[in-house]
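Sharing a structure below in structure tokens format, with a few things to ask.
Each chain gets a letter, A, B, C and D, in the order it is written, and its residues are counted from 1.
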Amino acid sequence: MDLGSILLNGLAAFLTLSIFSILYKDNPFYKFAEHLVVGVSAGYFAIILYYSSFIPKVWVPVVQQHKFIYLVPTILGVLMWTRFSRKRSWMSRYPIAAYMGIGMGVAIPVTMQAFILVPLYATMQPMGFTSLSLFNNLLVAVGVLCALVYFFFSKEHTGAFGGAATIGIWILMVGFGAGFGLTVMGRVSLLIERFTFLRDYFQQLIGLL
Amino acid sequence: MRWQYPLLIVFLGGLFMAVQYFVPLEFSERIYEYALDWIIIVGVFTMCLGLWSLFRVSLAKIQTKAPAWGYNYITLAGLFAMLILGPAFGIEEGKPFMTLFWYIYTPIQASMFALLAFYIASAAYRAFRARTMIATILLVTATIIMLRLIPLGFLSGPNQWAVNWILTVPNMAAKRAIAMGIGLGGIATALKVVLGIERSYMGKD
Amino acid sequence: MKNKFVFRNKVLLIFFLTLPFLLLGLNTSSAQEAGEVKALVDSSAQAPASPTDVVAKDAPNDNGHAIVVMWKPSADDGAGKNNVLSYEILRSDNSDTGFVVRGMVPAGTNQYLDRGAREKEDKNYFPSHKNFYYKIRAKSDVSFSESKVSAPAYAFGQWFHTGKTSIFLATAIFTFFVLLFINMAKKGKELYVRPIAGIDAVDEAIGRATEMGRPILYILGLGSAGDLATIASLTILSRVAKKVAEYQTSLLVPVADPVVLTVAQESVKAGYYDAGRPDAYKEDSVWYITSMQFAYVSAVNGLMLRERTATNLYLGAFYAESLLLAETGNIAGSIQISGTDQVAQIPFFIAATDYTLIGEELYAASAYLGREPLLLGAIKAQDWGKILIMISLLLGALAATLHFDFFVNLFRIKL
Amino acid sequence: MGFYERLMTLDRRWVYLAMALSVAIPLFISFQVPPYITPEVKSVYDFVESLKQGDRLLLAIDYDPMGMAELHPMALTISRQCFAKGVKLFFVTLSQNAPGMCEQLVSKVSKEFNKKNGVDFVYLGYKPYPGLVILSMGQNFRISFPMDYYGTYVDSMPIMQGIRNYDDMKAVIAFESGWVADSWIADANGRYKISVGLGVTGVMAADYFPYVQSKQIFGLIGGLKGAAEYETLAKAKERSASRGMKVQTVTHAVVILFIIVGNIGFFMSKKRKGKTE
């Protein structure tokens, strides 16, 4: 390990410990790491965006390939800068409108497909009481129905309807509990990774002395 | 003019893109790709506004001596270091730009992520109390799932079975129902935007 | 399902019948590589029967750069001494010469989708509206035979993707519901909506912040301005901003996306405008930090601890950072209200915040807070959407149980 | 404040400390937590254990580098177990990101046991379209793999003499981080009746459990936990999965312990309040 990488890994180890120090309480080390990473990451993101999007989507098509159809979105993009002026900032509504229109239009059918029809089709399974898998299919369908009842907004949750809604929220909670329980393992793995990094670094450091 | 045309653009853009999804023709495909480029390009230009905002707010904190104001110098230093180092030396691996990324951003990101291991434990300790039926179900399910990693002797077999059943039956039902609800709510929201009923994102004047 | 099963059985039968011959006939080399060399040398001896009835036609539901080819398998496919191992699909723009191999499929297959690229510059460019001829070459391990050349076919694009019919109909029906109920709401029909704890808490939380003289923190999540959860959250933000303006509390909205920055500024401005205090709006109350997930969270966490925010609202698209935010807010002693469309994060919000809007409740919240009839109309439409889903589910489950597959298939999406 | 109230309102920093220690201590101090052995893992182990010298086994290394932490220990342990018994191994990979990783595994394990390429094992390499490859291997391995990974014609290898297809294998054990698992079940087992055992990632485990019950697969090793179980069963020397699992077991126990402590505090203080009122 050369001096450069000792120092750089030392910086990484120092920043790791600085972030962990927030567990005790807010302190100058955490503040330092926090403010540093905000600046570095914002600069990183902007530069990467410039090279990965501005160059291939604006510079190359307009300036190099003379695809002037790309001038339209470029002008829209420039209109965003009218926001620097209070008086002209209303002109930024045009790019925002284009952004929203395209975004919402794309989202509508895709959401219908992925969030509604796919799970609906997947739940349409043969059901019955003769085998465990048939019975489980039945339970899944009943569970979906009850949980949907919970999401009803325009009807009071009373009587049998309320009963179904209560079962519905219970089923949702089982799902959330399962999600919580399953996640612990992944999070602990991340902590193991950090601890191993620190251990290895300090072992190397001690080895050098 | 300040209102009507932007709303018309939203409406036409939304309608066109929604219909486009069902038209497999080549020109429809090309327009779709072109429209996605619009979104990216608008985003690129807006980044300048973002950087300006960060710069201005950091500066304002220094000027007004807000809590921890002195640290904002570090933010600005980090920001300008990246903005200068990138174009000056290139952004390939091994260049100072990427070195800062690997030795500053990456360890901090990994450490923030690792904090979750602590927080997940304290959240479980504090929140999982059997106060109500709902809380009890949440805590019992989470505990059953977590027990799968713990040797329980003869109880481990039934536990394993319960874990698999929970994941494939009630958990599946919950996920699907939530997805359907989100789908309906999301489409309704998108429709409200396309129809111009919801337009607070455009501000008022 | 059923058809597939029968097909599977057939394939199985064919394979079992071929097995003995494979054992005898196969000794070396693959059909794909070495087989080709040999076949050229030795094409007459023991050639398998040729495939017949080759039909080429435009591939459905596409952009017009593909043709689907179907054929009747060779009589030796699955039987006979010269068993077929694979078929090669050959194409030419001339019925006599110039055939090139476009693809290969294993024995037992009787169709092939010949798809090419859209761009002229592409090596694999497939022109639309140009006639092509196909023939099929059946290959055994040592030899091959070719079918007759098909009638010409050309590729063309379609105006409607029939595999997406169910999506189209469902979207049309739901859009109709939304328009219908919004219209009814316009006419002044009163609509009941049940209370949701998390939404009622918003008012209370704003009041609390006012009493304590501390700011309200509003986090829109990490979604882009095109994410539906972000849009829903922006609507709520403008309602919250209106109340904040009325109470004269301060509002902090750090964001993680530049476009979200601009629309969030407008939403807050709209809220102040609605409250009749447009002059009280400060542009720096909505600011950009960074787009990188964990850097953003580290800054927001610092903000919570230092500004000691009275109320934190997390509404929008959240990922792993959900618990980082919620736990830190809890340490800072803030009242916290959360809501997200990210199912995986809901458990952490439930555990660590005071109120959580689950999934669809987030989308309903904007209408609740505004109590505007138009928005409430949309909620009614969502409920009717749910009724329709439930009826479809019941019928579909029944149909699946009784093997009325045609009904279940109405909901199938064939992309 | 009474004892039980204090149990309820423990400073969260004690929880953090406990978590930190429960990760750090197992990392630095070596001890073993014997995992509970699930029957699905045991049946894979029993099957491999029942193989005799000269038996042939197909190993499909289909995971990509993302699944390595969980699946690599399984593949390592099973390969070693087989080589130690003199079982002949046929390696194949159907994930485009896996060939290099699989090569490392094969050469590492074969060196440990002094096994000869082409005699004791063969690494057939990678071919695209997993579904097609799995089907074609049911007819003849040579259709997809005329040559091995290193470019040697398989017919020149002693190990491939007289080997045609699945019928010559005792079983296939496939290590999967994605949908290729479905193809092994439906195509290899469904059509060609070869016994299939699966190693899958933790998140996939619950979804593939029903196939054990329906006997479409003879065993299932799920995630890091399954890998640790297998290492324990095989008395493996290198136990990377077990090391990770040890930390996981301790931390999960600590979290559960805190939940229990919190609830004891909650119930006892409620009970006490009930008495005084």
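Please note the rule applied: a contact is a pair of C-beta atoms (placed from the backbone, for glycine too) under 8 Å apart; a residue touches a chain by one contact, two chains touch by 3 or more.
What you see is a predicted model; the values in this text were computed from it and never measured.
Shared contact partners of chain A and chain C, listed by label: B, D. Chains A-B form the pair joined by the most contacting C-beta pairs.
Distance between chain C and chain D, defined via averaged C-alpha coordinates, is recorded as 31 Å.
Measuring from the averaged C-alpha position of chain A to that of chain D gives a distance of 29 Å.
Between the Cα centres of chain B and chain C there is a gap of 17 Å.
Computed centre separation for the pair chain A/chain B is 3 angstrom, with centres defined by C-alpha atoms.
Shared interface positions of chain C, i.e. residues touching 2 or more other chains, are given as 164, 167-168, 171, 174, 224-226, 228, 231, 259, 262-263, 266, 288-292, 294-295, 298, 302, 306, 343, 346-348, 350-351, 358-360, 364, 379, 382, 386, 389. Along chain B, residues 18, 21-22, 39, 42-43, 46-51, 54, 68, 105, 108-109, 112-113, 115-118, 120, 122, 124, 126, 128, 138-139, 142-143, 146, 149, 167-168, 175, 178-182, 184, 186-187, 190-191, 193, 201-203, 205 each make contact with two or more other chains. Multi-chain contact residues, meaning those touching two or more other chains, occur in chain A at positions 19, 22-23, 31, 33-35, 37-38, 40-42, 44-45, 80, 83, 96, 99-100, 102-104, 106-109, 111-112, 116, 120, 123, 141, 144, 148, 151, 172, 175-177, 179-180, 182-185, 188, 191. Taken as a graph of touching chains, this assembly is fully connected, with contact between every pair of chains.
On the chain D side of its complex with chain A, the touching residues are 13, 16, 19, 23-24, 27-28, 69, 202-203, 210, 213-214, 224, 244, 247-248, 251-252, 255. The touching residues of chain C, counted against chain B in their complex, run 61-65, 118, 128, 157-161, 164, 167-168, 171, 174-175, 178-179, 182, 224-226, 228-229, 231-232, 234-235, 237-238, 257-259, 261-263, 265-267, 269-271, 273-274, 278, 284, 287-295, 297-298, 302, 306-307, 320, 323-324, 326-327, 330, 341, 343, 346-348, 350-352, 358-360, 362-364, 366, 374-375, 378-379, 381-382, 385-386, 389. Those residues of chain D lying in contact with chain C across their complex are 12, 132, 135-136, 138-140, 142-146, 155, 164-165, 167, 190-192. Residues 18, 21-26, 28-29, 39, 42-43, 46-51, 53-54, 56-57, 60, 67-68, 105, 108-109, 112-113, 115-116, 119-120, 122-124, 126-128, 138, 142, 175, 178-182, 184-193, 195, 197-198, 200-205 of chain B touch chain C in their complex.
Taken together, the chain C residues at the contact with chain A in this complex read 164, 166-168, 170-171, 174, 191-194, 196, 224-228, 231, 259, 262-263, 266, 288-292, 294-296, 298-299, 301-302, 305-306, 343-344, 346-348, 350-351, 358-361, 364, 379-380, 382-383, 386, 389-390, 392-394, 396-397, 399-401, 403, 408, 411-413.
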